[in-house]
Structure formats: structure tokens, C-alpha cells
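Structures are listed in the sections that come next.
Heads up, the next two complexes both have chain A, just with different partners, chain B and then chain C.
Up next is the complex of A and B:
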């Protein structure tokens, strides 16, 4: 599986002369043309039925309370897809949804869902492009309808009510997560068995990887970014497991998983990226500054979503990774929150130190003053604690918890 | 095989062996253990206990738990959680500590939603409130569970003798929450500890 996949991926960027050093390549990039164009319409009864169901689901997603209201970030994400495709993409509709899980999903009508948990973790525009390109691959290669037909033939007696809704391809997940999150939103379907039947096959995942990385190379994005996404995720999951005194286990490594084993996937993408870089004269970029500017207004919310999941190993990994560019008030505050929520021996002191450090930065969030104040009160430093809580109320006069903070100050 | 399971379920149901809702009368009653006492103004339906439910909580509903629910916490001790920590879980369930201040208690409450996969959770207000003969907290919040239907919630809580006591109401934002709020307030006002 592994070697054949590598051959397949290497083929994705190859030319006849370049391929001489390789054994058989199963799929060449020329074998992956889009099967769907910009004004594609469903061609038969199967597809028309799916599209009708999906329209209802999309309406629900549009009105969902979990939808992130961030027009600029939405527009920015759309512009990356257009950069990848080299054209305007009215056929792909992206929805940014508030879910702290790392995932993105593609549905057969061109609806794409990108979770805030993914936005929290990517480090540059090229990494986001890697995910979006992979998802676009599922759509333009018509994986959902292909999978639907394949499964229908195998399970003729299956009840199809609601099953169409499960055609989303949640592909950039690691561990137990899947596209099913948004199916719950759409229809409240709660049958994981059905869900699992409608995930993409491994071959389709591999093809989408190949499709995405060739789009990246063509658009001038650093193809290496695709494997970096996986590297970060594996490191994060290892940090999470270590925190719980567990060993990291790749849940995609199971024979029944539709996703290729994560480590293999990372290595294959890295090999392909190296190959593409060797065969290309054109420069590439990760457009990191553009990403940082786009995500900056949302960083506090994205970190809050992650930290409150209370997965301290993963959260500390994320914060420390972001702090490689330098600590700031927001990161120190969130570091304190991780320790406070973890609540193990010595964590109160660690949290207190982090909050104190946060208040020394000019970008300190008001909430850091509140946390600092309560930490000082716990340490019996009453005057300093009261000063910090007053500072919180000064900086955040409309604080939702102003009532209880004032009550604390009045004691 | 499926048929057998169906027959078995039918037999159990007929025999009354499946857990069932229980009617709660509109009179003073002990809830979630032996210490917390409330007096509801209406009849409520007590939800059957789930295997993962802690021994310190109890839930009632008027119109079904997806529409409205009142939950009671009857003296959660220091070091315990209302949620079960599964070995495989990445996320750490929040644990109650008797020395928690109001900031910590609100965080613990919020974390109990977040660790169950609810990302959209907003605190609307936190104020001091009278409860069980002293000052506790009253927290109003809103959240969006994965069914996509927004819920409103209010929780009144207080730590007494190192144990956590709380009553909370949750309901669908349109109609059900607001309809049950006066009844919730009455129950909070009526609550006492049976020492």
C-alpha cells in the first residue's frame, strides 16, 4: 500500500522523462482532470436526488448558529480556492463553522465546510491551501457520487432515508473526528454506522491528496505545506497523549479506516513535494504574512475554543508553537488558562505566573487582568488582586460578569 | 438476530423493566440525594437515570429534555466531577474543588459543555444571587449544541460546607426557556438544605 501510494503520488507531478527513475506510476497528473466544470448540473436521477437533499442541508448550514460570521475571513478563504483553481469559483461555496475539531468537509454539490479548529492550527496560507485543494479534489473528481454508486450496488437493501446527507467527505481529520459533525447539524442523524459507510475510500483520499498538491504546485504555494499540516497534527496528538500518560496511536492506521495512515500520508506528501520542487523552476511561497494578517482578528476566539476543550497537552503544544514567533499577552493569558483548567498540583502557581506575565504586555486581553486578580486573591495578595480586578473592569466596562466581580471587590 | 433483539425489547417494555420517566408532584421534595430540597409549582417528569450519570445530579423536564430541562446538583464533593472521565478521552472533564472562586466555578460549568463538543457557548451574565440562605452565583448563558438549535440556560450555584449545590434550567431559546423561567425562579427561592 505504502509503496504503491508513493509511486502514485510521485506520478502526480511527473513528466515522462522524469518518471524514468520510478517504477510503475499508477496515476499521472494528466489522469486527474476536473470532472466537473463551473456550471456543472447533475446528469442523472441519482445525482439530481442527491443535489436536492443537499440544498436543504445547505440552507440549514447557512442559518446554523454555529456559522462563523466573519465576511473578511470568508472572502480570504475563497480567494485561496480561486488562486488554486486559477479562476473564479462560484461553484464552490465555503462555510466557516465554529467547531473546535480539526476538520474540513466537501459535499457533492460544491458546499465546503471549514472548521474553526482547522483555522486555529494552520500556520500559513499554503497550509490552508493544502486542505482546501484536497477538498476541492473530492468535488472536482466527483468522489461522492462515485462512492454512492459503489455502495448502493453493494447494499441494495439498505434504507436510504437520510443516507444521502452523509455524502460529505471529511478528510482532513485525525483521530475520531469526521464530517459527521455537520451532518448532525443538518439532519440530526445519529447513526455512526451509516456515517462510516459514506466516508471516502482510501483511494479517493489519495487521489484528493494528489489533486490538491498538484494545484498547490501550479499556484505557486510551497507544496511542502501539505505534509507540514500532518506533521503538526501528529506532534499535537503525541503531546496530548503524553499529557495523559498514553502512547500516541494513529487511529487511521486501522485496516477499516478510510483514511491512509497518518504518518504514511505525511511522508508521501513530503516526498511528492520534494519531487515537485525538484522538477519546477518556479519559486514558491507559503504566504505566511498574509495568513497572519487574515487570522489576527479571530485569533483570540480560535485559541479560546481550543483551550476550553481542556486537552492540555494539545493546547500547550499549540500555544508553544505559536510562541516560537515570540510571546505576547494573548498567548501568555491562554497559557495560564490551560493550567487553571487542568487543575493539577502546582497548576495554580503556573497559571498565576502566566497571568502576571500576560499583564506586562501591551496587547494583554482584559480577561488576563481578571484571571490575574483572582489568582492574587487566592494567594492572599488582596490589594494587588483588587487592583487587577478593577483594571479588568476599567478595560472591559461592559463585562458580562461585571456583577460578580464587583461583588468580589465589595467583600 | 434483529428480530430477536426486537422481541427482547418488547418483552422488557411490557414487563416494565426499561427505565421510565417518573412523575414529580408539585410539593416539597428531596432532589439529587438527601440534602437538597425544592418545591416545584408544577408537576414535572423525572428523567430515568443514565448509567454514566453521577450520583449527585438529577434531571426533570416538562415537555421533553430536548425542549426544556431542570437539573439539580445535590452536594458534589471536593475532587469529584459530574461527568465521567473515559480513559480514551483526549479531553479532561472538569473537576470540582471546594476552594473554587466564582471565576473557577463559571469556567467549570462552561468546560462541562466544551468537553462534550459544544464550541458555541456564550456567557450572558454572572451575578451574585441568593441561594440556600447565602450568596451564590447566577449565570445566564446560551449555547448551540450539534443539533443546530440554540438553547438558553441559567444556573444558580453555591458551595456549602465544601460541596457544590446547583439548579439549572435549559431550554430551546424560542419559547421553552422563557416559559419555564418563572417556575425555575420559584424552585430556586424554595430550595433549602435538609441537614
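Up next is the complex of A and C:
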């Protein structure tokens, strides 16, 4: 029994090594044809069942109050998918959802969720296309059903391993044998099977990355944008960790992660982009201006959502990144809000400076005048403060807090 | 091909008994002071929330569209038969659209009922999960959205029905057989087979409150057949109709 357990452990070590080798393997963006057509309908019983249960989820999403009501942005996002696929895409249904977390997800039936937290972070159309292309990859490569079938096989394997081990333990519980060895071996095997499920998920993510970036190259988007998304995210997470006096730790760098380590994805995508650039003579574009125009009406809401996450490190990183294209009133006002909400020593002064700076821009949000006014009153600059509060009331006469502001002015 | 093996196996019956032992014998619950709707209230029977799954060897529940559709049709037929017997102003909503309210409201209401009903099952029928705040009271509600639906549709009461049924795959059955062998040599761990859970609630659309609740759980029966669906519907709803008759008589 003991020797067999050692052999088993050896086997485990060997396999663990091959897994980590796979983790770093490239999936080349070639030979990844879509596995479903535009009018795909599932035939197999298991897949039909999944589609049926997804219908209810999609209805919930359609009626959800969390949906972002933004027809133009919705249409714009849809046009990116069509650009990527080179055809109309009635098979992909995109839902923009109000969630400040950086994420997008694909459902087995072609329903795609895109969070506002993603919209807040991408810097150009190509970066958004990178994420949409990745999610489309999950759909067109049929990852959900592939993963479900693998899960079904592996859970069955685990159940059989457990049942046979129980039987073995029962049979060998008499005589000089140790019946618990059966259970140990079964647990070891089942742990490996569990690990292989995570490995499969990571492989699918790599394939979706490769699929997405090949769509980008084909449709004229700068493939570099894909790795840029991850570069920005790593930088933001480092800034967030530093603010909290923590060290940045990538939660995806684990054998039980469903996604490959973020750094690896970034490097893989950058390598693939370089590989694709070599083989192509056609120009590519990141369509930054188009993106900025599309997102402009929603920028204030996106920043507000982010700031309310109470993650000042990440929020300041985002504001400063956006300000690389030039400061404006909205960014300065939100910078002030981050400092005001953080409330560390000296933040009150930093906030006051930011509000003051905001009022110098033509696109200043009315709220910046209010914040500027109260900051001045606190600093005993009464006349300037009253002027600023009056400006707020002029610019926003119907403000909900107009009464409070008038009360202050009457003091 | 696919079947339940539960009831034929004594060992498993014992195991199941121990599993279901935590659940009190089926009983209906009503809010305090509930009087079954007298007069001639307008009652809508919402489109039943039905799903039938295949229980895979590894224990996953795999939705089966054909079984689900057949079972929903059967349950609807049983409900319509019940309605025909009762007469009055009870209507059965065959589709969600025929429930009378806004689509989104009806969808949300159905899903809310599934969640609230599961919560009643867990906290009212399982002693381990009993909540001190729910001791001796029955005050679950679907809230404002149910009242809104009542206004939109003009109904006084809505009856909701939730049913789940599952059937062991061939692999699962074989696995259970190996489990029985284990029992013979002293290590007894038999994987559970398919089962049926269903509950029904009557909701007062003036307040949104659940005024009546009943559930059933079984390791037999098959709602993919009309007989099985009839048994489920009558088990859940017959006692209420009996009470209603008594109320009319008094």
C-alpha cells in the first residue's frame, strides 16, 4: 500500500509540472474558426437544457433596473462587435450593466454582460474591442458547453473514484491491510481532477484571448490594445494596494484560479500582437476619438460610480490616467471628491485646490462650484465662498439641495 | 432507461429517511387569522414554474428541455382540471403574458416567489434552520411588486406553484448499485437519486403577503406523466379547496 501511494504522489508531481508548463503555453490566433453560425440552434439535449434555463436569466437581465439606459452607447458597442465579426451579429446580445467593477461576461446563449466599470477604464475603442472580442471568443468557440461536459465527466469520475475507494476500504478493512489508504488515494486523485477543471478554464481563457486578438487584427484594430487593458489594470491594482499599505498580489496566480495570471495574459497578448503585426501590412487604428465621443455623456456617472467604491488608490490612478489627455473640469472635480472622501491629513486642502482648479474650466460641473464655495467658507474666505455658492445656484437653479445652499447664504 | 431506484432499496430508504428526517411532515401554513377567500374573489393561477432535470453520475442537475416542457403542460392541465371543478372567478395563466400584468412585473414576481418559497421551506420546515424571529408566525411577503401587479391586473389573489423533479442517469444508478455493495462490506455511502420538490403559495394582492403555503417532497412520482402531475397538484392544493368548501358551508 505504501509503495503504491508513493508512486501515486510521483504521478501527481509529474502532472503538476506539465500543468504549469501548459499555463505558459501560447494559443496561436490561427486555426480558431468559429464553431457556431449566426443562426445556431443547439440540438443535443444537454445544451438545449442549458439554453432553456438561460432564457429565464436573460429575461431577468432585460428587465433589471441595474441595466444602463443608454441606447446610443448600446448601439455603439454593438457596432464594435459587428466590426470585429465583419457581419451583423443578431446572435450576440449585449447588455450594459451598472456595476463599477471591471468585468464583462459571456453566457452560453450569446448574451453578453458588459459592466460600466469596464467602460470607465478602457481608453479607446480598440481596448473595448479587445474585451468584446475575448467574450465573443467564449461564445463562438462553445466554451460553456465544452466546460459543462468536462465538468460532468470529471464529477462522474470523482464519484466513481469515491465509490470504488469506499468499496475497497470495506473489503480490505479485514486482515493486515489499512483501509484508509484507499480513501487517501481517492482524495489525491479527486484533488487532481478538481485541479484539472481549473486548468481547463484557464486554457479556455487563453483561447478566448487569442480569438479576440485575431478578430482585432482582422478588423483593423490595434492588437496592442489587448495587452494595454491588462497593463492598466495591473498598474491600477498596484496603486490601490499601495494606498492601503498592502503589497499587490495577483489573485489569478494560483492553481485554483479560473483565469491565467494577469501578468501572463498581458505578456501573451503583447507577444501575439507582435506576431500578428509581423504578418500584416495593413494599418491599424485604436479609434480613440470615436470612443471618447461615445463615452463623454456618461463620463460623470462612470467616475461617480468608481469614486463611491471607496478605493482612493484606484480612483486616483484612473483620474490621473484620464488626465494624460488633458485635465478638465469634470476630472478636477472628481479628484477633489476623492480627496474629500479619503479624508487623510492634508486632503481637505488638496480637495479645495482641485475644486478651485475645476472652476477654471468651461466644462465645470455645477457641483464643483458648490464644493468650491463650501471649501472657501471653511477657509474663512467669505466673499469668494458666497460668490461660488451663488454661481452653483445660477448654473443649477433646480438643484435638490438649493434650499440648503440658500440657507447657508442667508447666514 | 432512466429511472428512480430510491423506493426499491431498503438501505437507501433508511438513508433517505435520515436525510428527510430534518423536514417536518408536510403541513400547510397560513398567516395568523387567515380566512380562505370567501365571497367571489378574483384569483389568478400564475403560470407554474416547472423544471425537470437529469441527475448525472457526478451529482449535477442537468436541465432537460423536453421533460420540462412535458411536465409544465401536464401541471397546467392538472391546474385547469382543478379550476373547472372549482368554477368561480379563478383563471389559470397558460402563458406569462396571459397573467395580465406587465411582462417584467410577472417575470420578477415569479422569480421572487421561487426565492421566498425556498426561504419558507428552509426556515419553516427545517428545524436546523429555524429562525427565532419566525417562531409561531408566518409573515412572508412578496411586497410592493405583488401589490403593483394586483393593481395592473385587477386580481385579488395570485396562486403560485413551483415544482422541480429530477431523475437519475444510468451512470448514477450504476453508482448507487456500487454504493449498495459498499453497504454490504461495511462502508455505506449511497449517492442519493432523483427527487421531487414542490410548493405553492396563495398571495393576497392587496398586501403582497403569503397568506397560505404548502409543500411536498417525494422520491417517487413523475410529473412528466399526467398522473404524476395530477398527484403533485392535488397534494399541494386539494387541502385548500377542502377548506374553501368548508368555509362556504359555514
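Rule of thumb we're sticking to: the second predicted complex is superposed on the first by the 336 of 411 C-alpha atoms of A that agree within 3 Å, B and C clash if a C-alpha of one lies under 4 Å from a C-alpha of the other, contacts with A are read in each partner's own complex, and residues count from 1 in each chain.
In this text, contacts are C-beta pairs under 8 Å (C-beta built on N, C-alpha and C of every residue); 3 or more make two chains touch, one makes a residue touch a chain.
These numbers were taken from a predicted model, which means no experiment stands behind them.
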Next item on the list: Give one of first, second, both or neither to describe whether A:48 is in contact with chain B, with chain C, with both, or with none.
Entry: second
Next item on the list: Go through the superposed model and pick first if A:34 touches only chain B, second if only chain C, both, or neither.
Entry: neither
Margin query: Quick one: is A:60 in contact with chain B, with chain C, with both, or with neither? Answer first, second, both or neither.
Written below: both
Check: Looking at the overlay, does A:309 come into contact with chain B only (first), chain C only (second), both, or neither?
Finding: first
Note to self: Which partner chains sit in contact with A:220 here, chain B, chain C, both or neither? Use first/second/both/neither.
What the structure shows: neither
Check: Which parts of chain A are touched by chain B and by chain C alike?
Finding: 60
Notebook entry, point to check: For the complex, which residues does chain C have touching chain A?
Noted result: 51, 53-54, 56-60, 62-66, 68, 103-104, 107-108, 111, 171, 175, 178-179, 181-182, 184-187, 189, 191
Item checked: chain B to chain A touching residues, read off their complex -> 90-95, 97, 99, 101-104, 106-107, 110-111, 114-115, 117, 119-121, 123-128, 135, 137, 144, 146-150
Next item on the list: Mind listing the chain A positions that touch chain C in their complex?
Entry: 45-46, 48-53, 56, 59-60, 62-63, 151-160, 162-164, 166-167, 169-171, 173, 179
Note to self: Applying the document's contact rule, which stretches of chain A touch chain B when the two form their complex?
What the structure shows: 60, 64-66, 98-101, 116-117, 175, 181, 184-186, 188, 240, 244, 305, 308-312, 314, 340-343, 370-371, 374, 377-378, 400-401, 403-404, 407-408
